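Each of the next two complexes has chain A plus one more chain, namely chain B in the first and chain C in the second.
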Partner chain A sequence: MPNIQPYQNPTYFLILGVALLPIMIGMLFGKKLHWYQTLISFAFLVLTFGGVKWEQGIALIGYIVFEVCLIGLYHLYRKKKNATWVFCSAVILAIIPLVIVKVTPAFENGQVALIGFLGISYLTFKVVQMIMEIRDGIIKEFKPWLVLQFLLFFPTISSGPIDRYRRFVKDYNKIVTRDKYLNLLDKAVWYIFLGFLYKFILAYYFGSRLQPMVAQLALSHGGMSWWVVAYTYVYSMHLFFDFAGYSLFAVGISYIMGIETPMNFNRPFKAHNIKDFWNRWHMTLSFWFRDYIYMRLVFFIMKNKLIKSRITIANLGYLTLFLIMGFWHGVTWYYIVYGLFHACAIILCDAWLRFKKKHQARIPSNKFTEGLAIFITFNTVCFSFLIFSGFLNVLFFHGTLN
Partner chain B sequence: MNVFKKLFKIFGPVLIAALLLFIFLISPFGVKNISQTTIQKAALSQSPNVFKGTAVKEAAMSQNYVPFFGSSELSRMDALHPSVLAQKYHRDYRPFLLGSPGTQSLTHYWGMQGIRKQLTNKKAVFIISPQWFVKKGVDPNAFSFYYSNLETVEWLRQAGNTRMDRYAASRLLTMPSASSSETLEKCILKVAAGQQLSSTEKTYLDLKYNMLKHEDQMFSMLTLKDKRSLIETGEKQLPDTYNTAKLNKIAENLGKANTTNNRFNVDNNFWNKRLKKSYQKLRNEQSNFSYIKSVEYSDFELVLNQFAKQNTNVLFIIPPINQKWADYTGLSMNMIHQFNRKIKYQLNSQGFNNVVDLSDDGSSPYFMQDTIHLGWKGWLKVDQYVNPFLSKKQKAPNYKINNYFYTKNWQQKENISLD
Partner chain C sequence: MKDQVIEILQNLTGSDEVGKDLDVNLFESGLLDSMGTVQLLLELQSQCGIDVPVSEFERSEWDTPNKIIAKVENMQ
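What follows is the complex of A and B.
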C-alpha cells in the first residue's frame, strides 16, 4: 500500500485536487457533501497512516478511541457535578499519551514511543481545549461524530493550525453562499501557491541546499565561528518557510472544504518586540498557550490571592507557559533553554514596555527606532532558533553530524 | 460577475501554468541550442550539474571533446594540465573533465549512462585513484551529490538481465539516492532481481525521461563555474612551440616556486589550507591504510563493462602518491604495489591494454602538486601518453569481459601476480 505524507510532493496535491473536485462543485451549488468529505478524509488518513506507517495508524486509532471516550465521560460527569479534582484528572489523562511520547526518547536513548504518531501534539491540544471548555460550560453538547470530524480533520492533522471546536463546528454545519465560497476558493489557490513558493522553493533552498553546507563548514571549523552565525539565519529562514508553507497548504485546503481554519503566521519577522512576535509566529499555538495555560494560571493566582503583584503574576505566567512549551518540543536541554530564553525575553520586553510608557516624553519614537526594534527582535528570535535547532548540541558535544 | 468568469480568474492561471509545464517538461518537443561558450565552460567546470546531466556532455562529445574521467586531480589546473596543453598546442582534441572530489567508479558508471552513444567507438582517458579502493568504496553522501534520476532513467530504459545491470542495480539500492522516487526504486529492484519491467513502468520511464531531459536542458547550464581564465593563465606560461625539454624546465620552475613553505613538495596553498594546522597529527596515520580489499573493484568492473559494451578505446592512468608524504604518513608502498598488480590484472586480463602506471614517479620532485594529486611534471608525463593516444589512430580494442570481477571473491583477493 502506498504511503504519502501530507503535502510531501506534487503527487499528493494532484490526488488532493481530484479528490476535492466533488466538494468544490457541491459547495458551488450550496450543498455540503458531508458523507463524501468523511470518505475522502478517511482515504487521506489511510494514505498518511497506512502502508509502511501502519503502526502509527494503529496508535492513532487507539489514541482517538481513548480521547473521545474521555471527553464523553467528562461531559457526562460535568452535566451533574463540577469538582476540580475530576477536571484536573481528566486533563492529566488527556495529556498522558503525549507525555509518554515526548519523554520516551529522553529515557530510552532516542527511541520513539510505540504509541506515538504524526500529529499527536496537535490532537492533544484540541482535546485539552475541549475538556476545558466543557468545564467552563461553553461546550454544552457532546456529539461524538462532530468531535471525530474536528479531531481528525485531515488537512490540519499532522501539524495544525490548531482550530477551536466551536468555531470548527459552526463552519462545518454552515452553508456558504456561492459568492462567499468563490472568495474562499480564490484565497485558497493563492495560499496554496504561496505555500509552494515557501515550502518547495525557499525552504528547499535554505534547508536542503544552504543548511548542510554551512553546518559542515561550522563543524569543520569547530567552536564558535562566523559559520555558526550563518547557520543561525539559514536555519531560521528554513524553519519559517517550511512551517509557514505547510500552514498555508493546510489553511488553503481547509478553505476549499469550507472550513476557515485560522492562519498560523502573520509576517513574524516584522514584529517590533517579542510579544508582538508571538502574536505573529505560530499564532494558533501561542494563542492556545495564552488561553489555556497563561490566562488560566493568572486567573487562578488572582482568584486565590496567592501573589499580589500583577507584574510578578504575569512573569510567573510567562515562565510557566514557555517552560511547558519547551518541554512540549521535547525533553532535551536545548528545547528547555529555548523556552527559558523566550520567557526571559518576554519578561524583559514587558519591563521595557512599562519603562517606555512611564518615560514616554523622553524616549523618541520614529522610523529609525522602529527599524531598530524590528532588527533587535529579528536577531533575538533567530538566536533563539539557533538554540532550538539543536545545532549547538552537535557543535559542543558531538562535533559531527551523525 | 458570472461564476465561470470568476472560476476562470481563480483557476485559469493554474491551468495555464500546468499546460506550460506539460509543454516544456513532459512533451517530447523543445531542444535548446547549446553555444560553444557553454560547452567550453562546461568542459572545464567540473560542476555536478554538468556531471549529472546529459545535454552538454552529448553536445560536447559529438564534437572534438574527449571525456577525461577522474576525480580531484582534474581540478589541479596548472600550466601543464591536459586542458591547457590541448588548447595551447591546438590539438585535435579537447578534454571534457568529468569528475571532482568524491567521484569514483560507481559515480562514473552512472555518469556514463547519458553518453553511451557518444562513447561508442570513441576514445576516452580514465584516471584511477588508488584512494577510491577503500573497503566500502564510494561514500553514499558523495555518491548522492553526483547522482541524478536522469542517469538512472536512461539506464533503466535499456537495462536487461545481465550481470552488469543486476550488479549495478544492487549497488544503487545500497545508496540513499535509490529511494528518491518510489516508482524508480521499484524498477531498480526488478532489474536487481533480473525481472522484466512492465509496460506501464516503461511508459512511465519514457515520460519521466522527457521531463528530466528537459529539466536538464533548461537548468543544468545556468550556473556554470567559469574556469577559462585559469586555462588562459596557464597558456601564457608556455612556449609557443611544443618542446618537451623546455616544458620540463617550466614544470620544474613552477613546481619549485609554488612549494616553498613545507618540506613535502606540497603546493603552498594546499599546505596552508589543508595541512599546516593538522599535519603533525597525520604522522604515521596511514600506516594501516589498505586499498587491496574493496567493493570498488567490482564497481570499477561496471565502468570497464560499459566501455567494453560501447567499444570505447580507453587510456588508463594510475597516478603515484607523493613519496615524501607517503613516508611521513607511513603509507605502505608494499600495499600500493599490490594494489597496482591487482588493478592491472583486472585491466589486462580483459583486454584493456592501454595502461600507464606512474606509481614509481612519486619521488620525482614536482611530479605531484600535493599529496596525492598530479601536478606540473606529472601532468607533463601524462601528456606524453595522452597526446599520442588521442592524436594518432589506434588499433581497435578487443575486450573480453569476465564476470568473475563482480564477485566478492575478487573484491577480497590478495597477492595477485601479474604473470
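What follows is the complex of A and C.
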C-alpha cells in the first residue's frame, strides 16, 4: 500500500484535486456531500498513516478512541457535577499520551515512543480545548460523530492550524451561497499557489540549498563566526516559508471543503515588537496558549487574589506560557531556552510599553523609529530561531552534522 | 448600564478615549490586552453580576466599547 505524506509532492496535490471535485460541484449547487467528505477524509488518512507508517495508524486509532471516550465521559460527568479535581484529572489524562511521546526521546537516547504519530500535538490541543469549554458550559452537547470530524479533519491533521470546535462545527453544518463559495474558492486557489511559491521554491532554496552549505561552513570554522550569523537568517527564512507554505495549503484545502480554518501567519516579520510578533506568527498556536493557558491562569490568580501586582501576574503568566511552549516543542535544552528567551523578551517588551505610555510626550514616534522597531524585533526573533534550530547544540557539543 | 461599562473601561485603560469614541478598537489601539481582558471579565462579574467564562470571550466580538455594552445588555 502506498504512503504519501500531506502536501509533500505533486502527486498528493493531483490526487487531492481529483478527490475534491465532487465536493466543489456539490458546494456550487448548495449541497454538502458529508458522506463523500467522510469517505475521502478516510482515504487520505489511510494514505498518510497506512503503508510503511501502519504503526502510526494503529497509534492514531488508539489515541482517538481514548480521547473521544475521555471527552464523552467528562461531558457526562459535567452535566451533573463540576468538581475542579475531576476537570484537572481529565486535562491531565488528555495530555498524558503527548507527554509520553515528548519525554521518551529524552530518556531513551532519541528513540521515539511507540504511541506517537504525526500530528499528535495538534490533536491534543483540540482535545484539551474541548474539555475546557465543556467545563465552562460552552460546549453543551457531545456528538461523537462531529468530534471525530473535528479531530480527524485531514487537511489540518499533521500540523494545524488549530481550529476551535464550535467554529468548526458551525462551518461544517453551514450551507454557503454560490457567491460566497466562489469567493472561498478564489481565496483557496490564491493560498495554494502562494503556498507552492513558499514551500517548493523559497523554503526549498533556503532549506535544501543554502542551509546545508552555511551549516557546513560554520562547523568547519568552529565556534562563533559570521557563518553562524548567516545560518541564523537562512534558517529563519527556511522555517517561515516552510511552515507558512504548509499552513497556506491547509487553509486553502479547508476552504475548498467549506471550512474556514483560521490563518496561521500574518506577515510576522513586519511586527513592531515581540507581543505583536506573537499575534502574527503561528497564530492559532499562540492564541491557543493565550486563551487556554495565559488568560485562565491570570483569571485564576486574580479571582483568588493570590498575587497583588498586575505586573507580577502578567510576567508569571508569560513565563508559564512560554516554558510550556518550550517543553511542548520537545524536551531538549534548546527548546526550553527558546521558551525562556521569548518569555524574557515579552516581559521586557511589556516594561518598555509601560515606560512609553508614561513618557509619551518625550518619546519620538515616526517612520524612523517604526523601522528601528521592526529591525530590532526581526533580529531578536531570528536569534531566537537560531536557538530553536538546535544548531548551537551541534556547534557546541558535537561539531558535525549527522 | 452603559455608563457603568464605560467607567470600568476608563479605569482599566487609564484613558478617556473609550468614553469619547465608542467604536475605537480596544485591542488594535493597544488600550486592552489579555491582562486587561481578564480584569474586564472580573469587573463585569463583580459590578454587573454577569458571568462570562474565558472561553466565551471571542476577541472580535468584544473589541469596541459599543460591542461590549451590547454584549452586557444582552446578557442581563
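Convention: the second predicted complex is superposed on the first by the 402 of 402 C-alpha atoms of A that agree within 3 Å, B and C clash if a C-alpha of one lies under 4 Å from a C-alpha of the other, contacts with A are read in each partner's own complex, and residues count from 1 in each chain.
Convention: a residue touches a chain if its C-beta (ideal position, glycine included) is under 8 Å from a C-beta of that chain, and two chains touch if they have at least 3 such contacts.
Since the structure is predicted, the reported quantities are computational estimates derived from the model, not experimental observations.
A.B. asks: Using the superposition on chain A described above, determine whether A:R178 touches chain B (first), chain C (second), both, or neither.
C.D. replies: first
A.B. asks: Contacts for A:L28 in the overlay, against chain B (first) and chain C (second): which applies, first, second, both or neither?
C.D. replies: Touch partner of A:L28: chain B, not chain C.
A.B. asks: Scan A:D186 for contacts with chain B and chain C and give back first, second, both or neither.
C.D. replies: Only chain B; A:D186 stays clear of chain C.
A.B. asks: Identify the partner contact of A:E133: answer first if only chain B is touched, second if only chain C is, both if each is, neither if none is.
C.D. replies: second
A.B. asks: When both complexes are superposed, which of chain B and chain C contacts more residues belonging to chain A?
C.D. replies: More residues of chain A are touched by C.
A.B. asks: Looking at A:I363 after the superposition, I want to know if it touches chain B, chain C, both of them or none. Which is it: first, second, both, neither?
C.D. replies: neither
A.B. asks: Applying the touch criterion given at the start, work out whether A:R290 contacts chain B, chain C, both or neither, answering first, second, both or neither.
C.D. replies: second
A.B. asks: By the touch definition at the top of the document, which applies to A:P2: first (chain B), second (chain C), both, or neither?
C.D. replies: first
A.B. asks: Please give the residue numbers of chain B that touch chain A in the complex, ascending.
C.D. replies: Those in contact with chain A are residues 3, 6-7, 9-11, 14, 182.
A.B. asks: Looking at the complex, which residues from chain A come into contact with chain B?
C.D. replies: Of all residues in chain A, those touching chain B are 2, 28, 178, 182, 185-186, 189, 193.
A.B. asks: Hey, which residues of chain C end up touching chain A in the complex?
C.D. replies: Contacts found on chain C: 30, 33-35, 37-39, 41-42, 53-57.
A.B. asks: For chain A, which residues count as touching chain C in their complex?
C.D. replies: 132-133, 136-138, 275, 290-291, 294-296, 298-299, 302-303, 310, 313-314, 317, 353
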